[in-house]
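This report concerns only the one structure given below.
Letters are used for the chains, namely A, B and C, taken in the order the chains are written, and counting of residues starts over at 1 for each.
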Amino acid sequence: MKFPVAVVVLAAGASTRMKSAVPKVLHPIAGWPLMRHVLESVTRLKPARLVGVVAPGAAAVSQAFFPHPTVVQQRPLGTGDAAKAALAALKGHRGPILVVYADTPLITTATLRKLIEACRRDKAAVGVLGFKARDPSPYGRLIVRAGVLDRIVESKDADEAERKIDFCNSGVMCLDGSLAATLLGAIRNSNAKGEFYLTDAVAVARGCGHRAIAVEGDEAEFQGVNSRVELAMAERALQRRLRMAAMEAGATLTDPETVWFSADTRLAADVTVEPNVRFGLGVSVASGTEIKAFCDIEGVRIGKHARVGPFARIRPVSDVADNVHIGNFVELKATKMRRGAKANHLAYLGDSDIGDASNIGAGTIAVNYDGYGKHRTVIGAGAFIGSNSSLVAPLRVGKGANVAAGSVITEDVPAKALALGRARQVIKKGRADPLRAKLKTRAAEAKRQNKRQK
Amino acid sequence: MKFPVAVVVLAAGASTRMKSAVPKVLHPIAGWPLMRHVLESVTRLKPARLVGVVAPGAAAVSQAFFPHPTVVQQRPLGTGDAAKAALAALKGHRGPILVVYADTPLITTATLRKLIEACRRDKAAVGVLGFKARDPSPYGRLIVRAGVLDRIVESKDADEAERKIDFCNSGVMCLDGSLAATLLGAIRNSNAKGEFYLTDAVAVARGCGHRAIAVEGDEAEFQGVNSRVELAMAERALQRRLRMAAMEAGATLTDPETVWFSADTRLAADVTVEPNVRFGLGVSVASGTEIKAFCDIEGVRIGKHARVGPFARIRPVSDVADNVHIGNFVELKATKMRRGAKANHLAYLGDSDIGDASNIGAGTIAVNYDGYGKHRTVIGAGAFIGSNSSLVAPLRVGKGANVAAGSVITEDVPAKALALGRARQVIKKGRADPLRAKLKTRAAEAKRQNKRQK
Amino acid sequence: MKFPVAVVVLAAGASTRMKSAVPKVLHPIAGWPLMRHVLESVTRLKPARLVGVVAPGAAAVSQAFFPHPTVVQQRPLGTGDAAKAALAALKGHRGPILVVYADTPLITTATLRKLIEACRRDKAAVGVLGFKARDPSPYGRLIVRAGVLDRIVESKDADEAERKIDFCNSGVMCLDGSLAATLLGAIRNSNAKGEFYLTDAVAVARGCGHRAIAVEGDEAEFQGVNSRVELAMAERALQRRLRMAAMEAGATLTDPETVWFSADTRLAADVTVEPNVRFGLGVSVASGTEIKAFCDIEGVRIGKHARVGPFARIRPVSDVADNVHIGNFVELKATKMRRGAKANHLAYLGDSDIGDASNIGAGTIAVNYDGYGKHRTVIGAGAFIGSNSSLVAPLRVGKGANVAAGSVITEDVPAKALALGRARQVIKKGRADPLRAKLKTRAAEAKRQNKRQK
């Protein structure tokens, strides 16, 4: 019989090098807090239990673990102590216990699964994820003999032969649940810092005659984040992964280095993305759609054969149907653009519902906010909203209605009606020159006054 | 006497790895389909004939060869078979026949010319372009002895000594036109895939006692495109080439990595381009002009000492004269800005002609579209268009006219006239607070209703 | 007693490879002319005197040295000649004389100080900055024996052993002021080009039995700029330095490669900068503020917990207080946004002062320019400016006033008043279809005419 896995996520580490008021593990990459990437990876293992270990007073971190429970590590006495703190919440658990770190967001489910399965297969008391390091010098080395992890040698304690070993300790560990309490309880803090190191579980297990093993993962997955520079590096590595995946799924990214994805962005095949597009959370784009340069897109489902940008901004909670065009300097917020609707130039559409094949003229503003409430603008199918109009919400414009350019529309427009809300033009012949003379004099006078004031 | 060259462009290859409904060779880089880059390179050789080889049913690809003829390779039986298919269209041709690939867009005319000239000089039956590969393992090796191409060894057939050779086969070949039919006819398909490989022309020629040669080109020129990732790599390589050329010609690119050129972009000396500028097709920029950050520019000739951006968008077919200023969040479409005209802030000018030194106020919209036709706006020299105006086309504003801010202009404005189209301001003292109280109540009421509905 | 240092900045070199009408040393990186970076680095040494050497007729370069004096090098006879030209302006100076180059903008104060201090400590007549070159082949090699700089061997004159030396001459030199005239006077021009090389001061000094030394700096600091490509490389190197410094100080840069700083940009800890933000000169941003993607920001102090962008453009001389929101497609110019004020969508605010917690509606335009003068718009605290309004300056809107959406406001609005400047809406039932029929006919007619004209 196979007992299910439990996961301990260590999130109690300090983060002074971040120089931030925000706890380190809540800093985002690809739109998610660091720790959420780890939670997603471990959740796919379908663990029977998951418990977070947090520092005292870290309410925001605890909250980010919800609905999973957390325990507080009262004093920063090392990873061994942190793991031990979690055991209380795992009472009775008999399967493998996986210990991961909330600040290594690039770890994948596949690698974790490999470790757990190897531990099960080899009946190991302890399994450690290792990696072949490009530069092993800062890391503890994994000494493996005949398929068994003999011990972990800290870099400073390594002899010449050991220093040549490039197989290094990632810190990620899998413990046999029925032995975990014993192993962790036997770890001592007789070292310079007086801390309990989880790493020592290997020596403890070996000392008791248990089996320890090491499983290899890719170095890139173990990159930790301790500073803003490392945060940027992790973001870059993750973006690279997301960009490759998008291209392999059949999207064209003209310049992949300038497309920023969120962890949950979904692009269909034959989507084209020009340079400089930022996808915030909650975006999906269907096939044949073109996202032109310089767009900022968040919280929207975009249909097929739509055209967005350049210079478009879409905010949650929007919905852009097939064949819609959103052009330059257009902002959508909580707006539905139905099939074939168009808003091509300098417009703000907020809290709006734009009917099939309607045309929103350049410079149109949905006046959705009055200082107190947000109101809706609903425009029927086939309506034509003249340029530079102000649509004062709450407002309904009926099917096939026309709004004249430059109008301020404050009352509902029936279907097929023509609505105007603008003054008649007046021409004053020969009056430009006298006006200009007056403005010129005024400007000169203002200049003189300005000088006098200085 | 020197017979002219003929060119065969192979474009019949499959492209399943692109995961695209569009044929691979029509995917663009730097604004042109892949195959057009190849066509431009070979056209500069002034070939007497050029023939494309396409797959059955690839009408769009055939069309992209126009005015050059294409032949259909009926079944995908390899490059040798494809080249043979082209021979029918080259009857009577006695000069060199160059065989190139529509999916290697980075090949240069200079390299092709080098191959042809070497073949002529050495009276070679077959000439092959090779390259020193950084990683030769995937490629066939060119075995050259005493200046003669002895044979081509496929990677899997290479012995240890041959595997160390880094001079590799690009596939690009030049055949003696008077021997081509014989050579290609003698190629056999007795291999695992049952295909006819053009590469085997070398062995055939050598077997008949003819001379074969290899000419070296740069590995970068032979990069093929078989996936979206390789498409992005080719785009990047080509952009690098275009960026270097622009800088060498005297343009300043603040951050070259964030300027995207089309293949036909032309920048004069002392043009400055800030970060994040995309040049679509058909752009030329004259000396002393500054393109500021975040611009998207296509189909326009820009004069001297103009200032464009940041955040400007220019669409075809536009014309921007000397000393013009186009500012932020301004869109031009099919618009001529004459010398010294200015549109500095949030404006849409479509189908317009803006006179010398005219000033277009912030927020001005040329209302060029009524749902059925596009109409022109013509503004005379020295006119002043007040901010937030709507210019309803067709419209003519005369020289030196003034349009008052916030006007809707529906009728022509004579020269030197002042035009207004706006309501008079009304002030209602002390009425803001009661209005706000009402709006506040309405908002609270709406909230309650919303809750009730949920 | 320690005599103070004098600095000679050589700025007389030609710059034909730049292909520019602008002198090379005035081309900017990170917002400052190349030579200003050098001036800033040497100024921090607090030199007693600083003199620039310029070419004849280079008035703009001389001006850029102001308030420091310049001397003219009459003919381009080499660096030794240029340094000699400077001596006239340094009469009576007895301390060290540092000779630097106006076209190597990456040199740091720390490295220069190291050279000067070593010269003082070792009582050297001549000190040279050297660097370990990745590829030493183009450079003169520094031959150091027992802590003494024996001589400098030009690359072409180096024997096999010397060619293996990777310690190279940067050209930056420190001369003992009391010996400088003698040393420079003894340099000869008996070489192929007939120029006087400053480098030869080492041989001259050694010949007279004086001590010469070499001090090592980082190769990156000595990168010179002679072409647009090298200009871009220097820009990139400097940007990298600025980006690292910002992150180390506690700012998050989502993608550091796409944030462009000016040399004087200051970001506090916990500032977040999304991709694609350009900081022009004169920007400081306080803690907790978020600069979203695609912003162009110059000449502004931004307070705490503000939110700027995406797609915001801020121009000098602006001031953005704490908790202000500046949204998409909004331009600020010479505008003060007071605490908590908001302008979230498509607006132009120029020469304006926006009161605490005021709300500027979408599409609002401050009409600050009448063709002759720029006028101010002053909006009181807690005012609400309805969307798509035109505020015709000079204008004052009082505290707590409301402006109705779509209004043209030409006269001051008292506090707590409601102002309207818009026409009443008119509805013409059933008139959309007949209008459309008319427009359709007109469009068809126009099409026919167009065709006839062609």
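Simple rule for what comes next: contacts are C-beta pairs under 8 Å (C-beta built on N, C-alpha and C of every residue); 3 or more make two chains touch, one makes a residue touch a chain.
Just so you know, these numbers come straight off a predicted model, no measurement behind them.
K.L.:
Is the contact between chain A and chain B built from the same residue numbers on each copy (over half shared) or from different ones (under half shared)?
P.N.:
different
K.L.:
Report, in degrees rounded to the nearest 5, the angle of the rotation taking chain B onto chain C when the C-alpha atoms are fitted.
P.N.:
120
K.L.:
From the mean C-alpha coordinate of chain A to that of chain B, what's the distance rounded to whole Å?
P.N.:
Between these chains, centre-to-centre, one finds 32 Å.
K.L.:
I need the residues of chain C touching at least two other chains; which ones are they?
P.N.:
Residue numbers touching two or more other chains: 257-258, 276, 294, 311, 329, 346, 363, 370-371, 384, 388, 402, 422-423, 436.
K.L.:
For a test of understanding, state which residues of chain A touch chain B in their complex under the given definition.
P.N.:
On the chain A side, the touching residues are 244, 247-258, 269-270, 274-276, 288, 292-294, 310-311, 327-329, 345-346, 359, 361-363, 370-373, 375, 384, 386-388, 402, 405-406, 422-433, 435-436.
K.L.:
Would you mind writing out the residues of chain C in touch with chain B in their complex?
P.N.:
On the chain C side, the touching residues are 18-22, 27, 227-229, 231-232, 235-236, 239, 257-258, 260, 276, 278, 294, 296, 311, 313, 329, 331, 346-348, 350, 363, 365-367, 369-371, 384, 388, 390, 392, 400-402, 407-411, 413-414, 416-423, 436, 439-440, 442-443, 446-447.
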